[in-house]
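Next up: the structures, one after another.
The two complexes that follow have subunit A in common; it is paired with subunit B in the first and with subunit C in the second.
What follows is the complex of A and B.
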């Protein structure tokens, strides 16, 4: 999408001020701490950051799948299913019928390790047909046909036979295809993919990424791709949200993130990765230290202890606000804040 | 750089010839052997002192099994592994028994992938790192403590932490502990099996830099087993590509990345996602999965997935053969194919 003037109806999901906390004996972990972003219809948005930055908890919050002691404390997650049909998912009861209709139907999710999300006690086909019959008013035979059609769509050879296979009979790549087939069988508007290719080999990863791109063209759903792999983001996404310790630190279109990043964390992430064909440029530039332990969140800007551009005396005390650099580029850093006198 | 090491005529530190490791598949009441999984099936390579030799391939290609045979964590089924020890004597690792192996084990160490499961959660860091010193009766008491403290400093951890347990450390710090444990006996050769794969990108860079610093400091030789080709390009001098238990290509890193001669190498290189949206590459997407090593295809194992395959590929198994300076490939069509290296896939700036 090249337009800078998105109308309201182009926005599928609008997350405002989302806070998800975990109340543990040792203290409260602010896993997601005031996250705002929007997912436009039919596009792929990437959520990146190191482990522990809150990207997966954000995704789980969208479907209200955060388990106790975690809880959504504040914020709204508005899903616009078309026309004036808006639902604030964060306000729904976690066991309500309405929420169950959204899970799997409007918003589907796939996970990193398909073996843990498929039941090994049932055949692939049984699990797929069950999901289809839950959301669509179809007979058993129709559900079976739909499941086989989806297995075919994700490139599984001999889908009629695979329908009766158990998950352990399939390879890792095949299982991830089954997960995708299952997720897409009810024609969702948003597919949340949490590290979908991290457990796979590069060649299998290439197959799955290609498949997701093709299916997006075919089905027109939006994809929220959660990953730590900047290569995958560059290949797949049109917009990128960079997270650090539960906050969005920078958000922009993919080209800006990779060629004109403004937050020191985004810049540091990009400099730390080895790139093919660039090995002669000497040593890698790692980010100093590691992600702080969640109970000891740094004061001020949470990135300041690892930041190379820290403004001494300011970054330790002042928590930066979001600055709008241009209509589609926001950054949360004191370097970009207007001085307030 | 070690293509230079090979060229300068240095004697190899490790000579691996026709290494094979087969795992029997047993079935039935009497446990009759019905088939063999040929995890490593005739692998030959040399490792020169001071270099980093990478072994790459998809999961199930046998790279980890090969690595474990090198340190004799597995008993090879066949072939020979000749290691030149610190005194310059050649030792045939494949035929030694456990007692004879013990002195050699001090010089051959391993770093594992998962910093969470490879450290004993009930041992303090000092016990974990100091354990090899005790086992080999090298140091004990306060001397052991001093050596552990010194090692911790070198891998970038604070010696004050040595009474803590592994759970108190982050993934990157645990990997540093694993490295300290491997290096405490001042080994000659370190086999690093996916040493940075489980780490976050920023920490991965720290560990890669650390491995390079330690290599220079202690004059280490690495066998670096990995699947991430961008990491391998950065750290390795030479690369061996494995597919279903066999080496399909072997060359100096630059040569392999810019001038691959095996279609499998070409596909692997093209599949690496580039961290730049302006370089969205033309991926070569391989169909299907890695074949089952118990029932490999006929001829060239790669032919069912190869887009250049011809009739000969289905019938005759290609041998690894030299086709240039330090470049070997197992492909019937190596001379006729014009394969794309990383620079052809991506415009260089």
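What follows is the complex of A and C.
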């Protein structure tokens, strides 16, 4: 989707003012602190940022998978399943029938650790058929056929035999394929992929990403890809959300993010990528400093202690609002705020 | 799987041989033998024991021969005739003395294990899924009390209070009128009404410990990625907990069968004495005190065999439960 006039029904998921806090003995960690973004139907959106910026917690919040002491404090996560069917997932009861119908059916999720994401006590087939039978009115045999068909679709050789295999008999890459097959078995509208390739070796990474792209064309679902790998983003995503300390600092289409980034943090992230032939005296350009201690968020703009373009006297005190640079490009930075914005 | 079981069974043979040798050696360890005890007994009653009489007794019991000959004869009779020898004190074959008691012991033991498992599983699961809730704290508190109070004390208290408040004597496994009566519906009801007391008392400490084990294991598993995967699939919370983390947390439970069996046979001695239960405990205690070596030896051998069988059962159960063990 490259049009600049997106209608309401093109929006699959609309996240507004999402706040997810962890109440610990040492204090409250505001892991997600007022996140807004939308996921358009059928596209791939990348959520990027350093470790601890709230990417995963945002993803877990969408399916209400954040465990105690974490809690969604505020905000709405509206899923538009088509027509006038809108559900605010954040408002659903924990373990309610409605929520369970969304989990795995409308929104499916795959995780970082394929080695531990499947239970070792049950066969691949059992775990897949379980998901299928929860959401589709099918017999055991039909569920089995569907599972084998999905295993085939994700490129697992001899799927009939793999159906009866235990996860520990498969390699990491195969397990992630099984996870993808399981996630897509009920034809979800959104696939949330939380760093799906981080734990895999580079060759397998490429294969899994390619597989996800191919399946997106085939199944037409939207993908929300959480990653800290900007190379992956460039290859996979059409839209990018950049997060820092629980806030969205910039959102734009992928070309804008890579060629015309406006937030100093986005610029610094891009600067820090090692590039062949573009090395500055052979050294990396890291972002200054490190992510601050989660209990002591900097005042004002949370990025100001590490920012190279800091406006002394303002950035320490004023928390920037979101500025709309053009219809599909927003940024949260004082450099871009209107004088009286 | 079949090969695995066969392998384990074959491995049991040298183990049992070693154990029987060791148990026989242990009984021989204390200075003196049954004759020493017998002579002392007779002297205490003022009777003289002549040399000739001693020699005759020695020959009668075969006590004069070297220990390995005694061991060989004993084992040969067990294997070929199922004869465990003769008890000196009771002047009866060991077989007549132990099997009734072994039956009751096994029954009480198995029921106790089942009781411990069910209670510990339910309470442990509740405590883990409701960590730091009042219910968890109560379970922990009761658990530690149960662990700390000696079983025999609990038995004494229960006897005292049931006599004081209900005028009942819950000791033994039968009321006096049924003690020697043939089995009937009435005797069964009477038996069952007595049975729960030893089960609860013997099970308390085990339950308390198992609750802690269950709670700790489940807490380890509850937040594993595979649990989150299942939740993200839309599995209802109740099904999810039992099907995924509890299933894994069961492993250490099953592994304990191996030592629960023999511990309940030998470890319940004091409770059995206090409650006057017709189990193996009191008989074993007596046999050891009186150096009644074939009786004591048979018991120790039996307890060892139970340990080995218990371990085998737990291994088979584990393999059945956990595909990682079964397939590797």
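Keep this in mind: the second predicted complex is superposed on the first by the 334 of 341 C-alpha atoms of A that agree within 3 Å, B and C clash if a C-alpha of one lies under 4 Å from a C-alpha of the other, contacts with A are read in each partner's own complex, and residues count from 1 in each chain.
Please note the rule applied: a residue touches a chain if its C-beta (ideal position, glycine included) is under 8 Å from a C-beta of that chain, and two chains touch if they have at least 3 such contacts.
Predicted, not measured: the structure shown is a model, and the values here were computed from it.
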Combined model on subunit A where subunit B meets subunit C, clash or fit: fit
Contacts of A:79 with subunit B and subunit C, given as first, second, both or neither: neither
Partner chain(s) touched by A:212 [first = subunit B, second = subunit C, both, neither]: neither
Most subunit A residues touched (candidates subunit B, subunit C): B
Contacts of A:148 with subunit B and subunit C, given as first, second, both or neither: neither
Touched partner set for A:333, first subunit B, second subunit C, both or neither: neither
Touched partner set for A:59, first subunit B, second subunit C, both or neither: neither
Which of subunit B and subunit C A:67 touches, first, second, both or neither: second
First, second, both or neither for A:181, with subunit B first and subunit C second: neither
Distance in angstrom between the closest Cα atoms of subunit C and subunit B, superposition on A: 9
Contacting residues of subunit A [partner subunit B, same complex]: 50-51, 171-174, 201-207, 209-210, 228-235, 254-255, 258-259, 268-270, 272-277, 279, 283-287, 290-291
Complex contact set, residues of subunit B against subunit A: 58-59, 170-173, 200-206, 208-209, 212, 227-231, 233-234, 253, 257, 267-281, 283, 285-286, 289-290, 342-343, 346, 348
Contact set on subunit C toward subunit A in their complex: 223-226, 228-237, 244, 247-248, 321-324, 327
Residues of subunit A defined as touching subunit C within the complex: 63, 65, 67, 95, 100-105, 108-109, 111-113, 116-121, 123, 127, 130-131, 134-135, 166, 168-169, 179, 182
